[in-house]
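This is the structure, below, for whatever I ask next.
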Amino acid sequence: MRVLRLVIFLTLVLSVMEILLFGITRDITGQQRLNVPADQNIVTVKGLKQWLVEQYPAIGKLSSLAVAVNNTYAEDEDNLTPESEIALIPPVSGG
Amino acid sequence: MRVLRLVIFLTLVLSVMEILLFGITRDITGQQRLNVPADQNIVTVKGLKQWLVEQYPAIGKLSSLAVAVNNTYAEDEDNLTPESEIALIPPVSGG
Amino acid sequence: MLVKLTDCIDINEVYEYLYSDEAGAVNTFLGTVRNHSKGKTVIKLEFEAYEPMALKELNLIAERAKQQWPIYKVAIIHVVGSKQPGEAVVITGVSSAHREASFEACRFLIDELKKTVPIWKKEYYEDSSVWVNAHP
Amino acid sequence: MLVKLTDCIDINEVYEYLYSDEAGAVNTFLGTVRNHSKGKTVIKLEFEAYEPMALKELNLIAERAKQQWPIYKVAIIHVVGSKQPGEAVVITGVSSAHREASFEACRFLIDELKKTVPIWKKEYYEDSSVWVNAHP
């Protein structure tokens, strides 16, 4: 019983996804990084975007919303794993 | 008779046209400026070009030949007067 | 390729890098902070970058330019941090044998930079501020 | 407008002139002496200008650019005399609110300069020399 609890605990902790935030999404969330609880069962880019918009409707009002995985733009159907570096990319405005 | 000679002399001297030369036309003629004798009766840009090509056939072999009158490109039918600043413009190659 | 993020752009460094005895043409684009935007007086701009990804994207753009045009050297430098009107924000530069390639590639660099590189700017006016491009 | 013929081009002078708190975009084109031309090694170039007319034509081109694009400042400087590989020959530059106009106007300046301005260059190779463009 104790062993089972430990396994569940570790699984939850290890599988928390951390999302890096920049620009306006820092202002919207009031945070520089966001933890996605494992029990949300988010496995794709599309799933992450939907969850974010539910949590923070202001994110749904942006001109565009992209997700980068390991410093590369990801497609909606791409899979997410907790080991990846995941970042939310609101509309860029360099230059 | 002496007065007539003087008038003819002055007319010739005053009506000599001076042509400024640049670039390859300096090399062709061996001169920086060219005098067109009044007795050649050259009155247009076209006439000047024809005369020049007769005197220096190498000028006829250039990619283009323009004439500037008072620092402005002139057309073939434009008139020339000895009072103008006249320059021969071989193909330009600035830049 | 001279590709970096920096606090302050040094134009002479860019020219020294781009200069080459083989190249006859150097085109550069410099973006600076305007004192007006959409009718409002701009006090300052703040630039934030997702630095590792921004560098990766800048290098990708420079590589694509080198594949697309016969060019010798490519420079792209963008600032991060706070900038006031008149200050340099970005410079793109290309050297090539002939001018056509230098103009086209330099234009490509700045156009692509504005589309894909994860850098964000916040414009500060006298009484408000806004993340540029954030909303339709 | 900064329009002149000179012995030596100073890039910083050009940028100082073009910079403006109103302008967000500065495009410049720099032409330099290439060490090769049509397969031959270039030793030096000699530039000769019909100076009063060259200045008049350069000013005309700058004026036409100002009529055609919404631009703030225009610079065109060309050298006269002898130049070695790597040295600057010509610089054109434009500042404007947005980048499109700066690229297009700067390109126009150098394209027109090469077509109409009475300046001639002689290329010196190891064993010969030629007036560029003189023959078909």
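Assorted remarks:
Residue numbering begins at 1 within each chain, and the chains themselves are lettered A, B, C and D in the order written.
Just so we're on the same page, a contact is a pair of C-beta atoms (placed from the backbone, for glycine too) under 8 Å apart; a residue touches a chain by one contact, two chains touch by 3 or more.
Note that the structure is a prediction, hence the values are computed from the model and not measured.
Of all the chains, the one whose CA centre sits at the greatest distance from that of chain C is B. With centres defined as mean CA coordinates, chain D is found 23 Å away from chain C.
Distance between chain B and chain C, defined via averaged C-alpha coordinates, is recorded as 52 Å. If you average the CA atoms of chain A and of chain B, the two centres end up 79 Å from each other. Residue positions of chain C with contacts to 2 or more other chains are 31, 110. Across the assembly, chain B contributes no residue in contact with two or more other chains. Interfaces, counted as pairs of touching chains, are A-C, B-D, C-D. Those residues of chain A that touch chain C in the shared complex are 20, 22-24, 27, 61-63, 68, 71-73, 87, 89-95. Residue ranges on chain C touching chain A, taken from their complex, read 31, 47-50, 52-54, 56, 78, 89-90, 110, 113-122, 131-136. The touching residues of chain C, counted against chain D in their complex, run 11-12, 15, 19-36, 85-86, 97, 99, 102-103, 106-107, 110.
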